[in-house]
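Consider the two complexes below, in which chain A is the common component and chain B and chain C are the respective partners.
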Partner chain A sequence: MKSLSLAFQVYLAFIKKSFQRRMQYRVANLVGLTTNFFFLLVHIFVYTAFYAARTVPQPLSLNEIITYFVLCQVSFMLMPLWGTRSEVTSAIKDGSVALQLTKPVDFQAYWFADECGRACYYLLMRGFPTFLISILFFEVTIPQQPTVLVAFTVSMMLAIFMSNAITITIFSSGFWTLDTTGIPGMSYSIITLFSGMLVPIALWPEWLAHIARWLPFEGLIDIPFSIYLGKITGIEVWIAIGKQMGWNLFFIGLGRFLLTRGFSRLVIQGG
Partner chain B sequence: MIEVDNLSKTFKVYHHRKGFFGSFANLFSRKHRIVQAVDSISFTVERGEIVGYLGPNGAGKSTTIKMLTGILVPTSGSVTVNGYIPHRQRKENAKHIGVVFGQRSHLWFDLPVRESFELLQRIYRIPEVQYRYNVEMFDELLSIGDFFQTPVRQLSLGQRMRADIAAALLHDPDVLFLDEPTIGLDVVAKARIRQFIQKINAERQVTVVLTTHDLDDVEKLCKRVILIDNARLRFDGELATLRRLLSTERILSVDYAEAYPDVSIPSAHIVYQEGARVQYRFSPEEVSTADLIGAILQKFKIVDISVQEPDIEELIKTVYEDNLTLERKLTEPISPNTQAN
Partner chain C sequence: MHHLSLYFHFVKLRIRSQMEYRLSFVFDFFAQVSISVIDFFMIALLFNRFKELAGWSLWEVGFLYGMIGICFALAEMVGRGFDVFQRHIVRGDFDTVLIRPLGTFFQVFSHEFLLRRLGRIAQALVVFLIANSQITISWSLTKVGYLLISLVSGTCFFVGLFVIGATSCFWTVQSIEIINIFTNGGVFMGSYPFSIYRWWFRHFFTFIVPLACVNYFPALFLLEKIGSSGGSPIGVLLAPCAGFLFLGITMLFWRWGVLHYQSTGH
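Presenting the complex of A and B:
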């Protein structure tokens, strides 16, 4: 028990230091904030025009759509899939993973801790500011029931966790291909589409939405946001969160397996 | 302390297809060639020794170090460090070793040195008293206090190396692996790091395995050296013995007035030839430098001539081009002439 709490302290320290490290780049952050807004505006204008032209009622109202994309801009930076990636991600590519392995730490846990610190930083420095400014300019829906907020927070945390687990899995392919552009690049396109990041899954044609529901990636964006918007309610919330948990376990296990296998055949790049 | 028995490592080097689909196809690709990085190497290192692990680039030095630190899994043979099998008990082994790769920093790039050290304190679970004691001692010997609050990215190379070495010793490891710890440093910084390694070794009985291309490092620090070349062990013994073997070889560089077709000289081997520039290897035991130059002057017109002691890379290459040369030399009695050397 004592050793468990000591181990926890180590990774907690990693989270803290990871956070501190990002704090050194606060100016760059302001520039990033502007970029977030630019993309938010593009999304909002496109959907406003789109909604003005449609007469048939849509599954999501314009306000809900705007809220969805505000949440997108708030949260995508917290996920290593889309946000700026930490150096751990490039560790396999440039061989610095070797240095990590000379320390008595679990690599996957270190990676998670580092990403958690990163997520905290971006939540504070990017997520909250983006949200607050958005409230001033747009009609952003805010859930009235505290239970919805609780469910959303849990679901969002699971989404961030899963994005880490998926990233590790994808980058573990680097042990085999020694290349971190091909497979990751292709995976990003697929994941970005099926997470609902570009178009909420509710607006998809039936057959494609059906595919998305069977894939894990809706758990990154669509599930937490749908909970926030009250599109998933009651028992469905539990099922959705259960799904996220299941996929989390799956990817953590797969990532762990690939990392272990990968290390045993590690070729350190650059000798 | 360290036991290496018949250790080998082969790498499969895959043929790579480029581009988007190529990288996917690489997953299923089985086209490769086998590269032997380390070939049946055996040696043991006792507690408190400083061993120079030397060899030219690509000889397999780093690969061996990586197997000793548990990063790489050997293809065959066995390794134990401190009684641990590094690749099976990576984390256990890691608690008792310190590693410095000169080319790469272990410290967190954008954290101040101090914060990196505090993280290491947590990672290795170093008790506060021991931590403070070590930091004070390293400050005294390496003046890390001067830049303790500076982010690692702003450190000079010399400062970074000092910080890295101190960081590797914070948890009082039994074995310290140093992979080119003085690379790129100026003379003063090198001397300082050498002194520090000596002191740590003497006071704490830390076993040190050092790879370097710097002959001075070896001379100042190592009693014993292990030479590898082309993945194989070529020499394991006292530095003094090695020096006796190596110092017999000299290099004579000649710039001829023109590019003569045949520039061979008896009792000297041509090691390099390009246009009018020729380098000979010779042994002063067999022929004196004066006689050799005399022989050259008789036959050819020269522009410039110089004699140099070969550097360690060249020595290793020249001596081990032909393994028999070394074996013959090792069995030869030491002549009074060479002993004086």
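Presenting the complex of A and C:
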């Protein structure tokens, strides 16, 4: 029990460190916020124009779409492959990962903690301000039932965890390719598409939406936001969250496997 | 003339050095293609559901998308030197640029050439060509000439944005990346007809940052949409000048910025 609480403290310290490192870039954060708003604004213009011509009711109302994209901007930086990477991730490329491997901690957990710190930072410094300002300017739906909020919070946390686990898995491939643009680049487009980050899955044609349901990436964006909007209710909430948990375990396992194999053939780049 | 041959010599060197990392090049090429394919696929998905956008069909929007995509990728390919300029300031390399017997603008411009943007250019070109085959445009010599000028003008516009970003590094040292709003954001918003935006937004991106002048207005002329989607004939014909003018102004800004350069030292 004592060793468990000690381990907890160690990783908590890593999370804190990772958070604090980012606090120094205040101007960058302000610029990032502006960028968030710009893209949000263009999305809203585009969807407003699309909706203006339609008389047939859509699966999501315009207000719900706006809310969806506000949430997207809130969590953009939390998604895998978006924004600047955590220190450990860049360390694989420049070779300083060798130094980090000497730390007497579980490497994957350490990396995970590092990513969590990054996520906390972006949630607090980028996500919340984006959300608060959006409420002032746009008609953002806010769920009325507390159960929805609870389910959303749980689902969102699972989404962030999964994002970290995916990041670790993808960048572990760097041990083989020694190149950190190719595979991440290709994964990026698949994740961007199937998470529902660009167009909500509810608006997709049936066949494509069906594919998305069998892939893990809807758990990053579409599942938590659909719960928020009340599009997933009752027993389906449990199924959706269960899916997220399952995929989380899958990616943590895969990442672990790749890391163990990767270390056994580790080539350190640079000096 | 001397500059031109020197430029091509430099470009050859850049290409050769990039081809050294062949696997990385191939990976990146396909990553570029897949990212931009998804990009347009999403627009197609929206049209699949909504059929039209403010009187524009999917392939008319594809025409806009292709044009701006080509311009931006070309600009990234040739204007890379300004895009990554902050490195020179951070490291203090700009000192060496100052003592060489060539203009600073030319040196930074010719310093980089990003061959891998070919993937993005190819994808945008494919969308543009498909769009052409799907909508009937009565091409004439005037229109082809006008299109080419518009494309060059659009490229100049984006290079101009990179120059602004680079010049601001003379004061901020680190790039503040605010220019990304206009480059990446510009490509995103330029892929849709301007008439869907609010007036203040439209005016800003016509008169201050002339994005509409190098993309939307030329497309109006080429698609013969003048009148139905806004714009006056003479204004539309002159619009592509804005890209060249914009680059000219940013070059002046660059000159002024160089005067304010303080070395970070070695």
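Quick notes on this structure:
Simple rule for what comes next: the second predicted complex is superposed on the first by the 268 of 271 C-alpha atoms of A that agree within 3 Å, B and C clash if a C-alpha of one lies under 4 Å from a C-alpha of the other, contacts with A are read in each partner's own complex, and residues count from 1 in each chain.
Assume a contact is a pair of C-beta atoms (placed from the backbone, for glycine too) under 8 Å apart; a residue touches a chain by one contact, two chains touch by 3 or more.
These figures come from a predicted structure and were not determined experimentally.
Once chain A of one complex is fitted onto chain A of the other, the partner contacts of A:Ile183 extend to both chain B and chain C. Within the superposed three-chain model, A:Leu124 lies out of touch with both chain B and chain C [touch as defined at top].
In the superposed model, A:Ile135 makes contact with neither chain B nor chain C.
By the touch criterion defined above, A:Leu249 lies against neither chain B nor chain C after alignment on the C-alpha atoms of chain A. When the two structures are aligned on the shared chain, A:Gln9 is found in touch with chain B, with no touch to chain C. Of the two partner chains placed around the shared chain by superposition, chain B is the only one that A:Gln20 touches, whereas chain C remains out of contact.
177, 179, 181-183, 185-186 are the residues of chain A that lie in the contact sets of both chain B and chain C, per the superposition on chain A. Interface residues of chain A, counted against chain B in their complex, comprise 6, 9-10, 13-14, 17, 20-21, 24-25, 87, 96, 98-99, 101-106, 173, 176-179, 181-183, 185-186, 263-268, 271.
Put simply, chain B touches chain A in their complex at residues 11, 14, 16, 19-24, 26-27, 58, 62-63, 66, 69-73, 87, 90-92, 94-95, 97, 99, 101, 104, 106, 108-111, 115, 118-119, 122-125, 151.
Put simply, chain C touches chain A in their complex at residues 21, 23-24, 26-28, 30-32, 34-35, 37-38, 41-42, 45-46, 48-54, 176-178, 180-181, 185, 188-189, 192, 196-198, 201.
Those residues of chain A that touch chain C in the shared complex are 27-28, 31, 34-35, 38-39, 41-42, 45-46, 48-54, 58, 177, 179, 181-186, 188-190, 192-193, 198-199, 203-205, 208.
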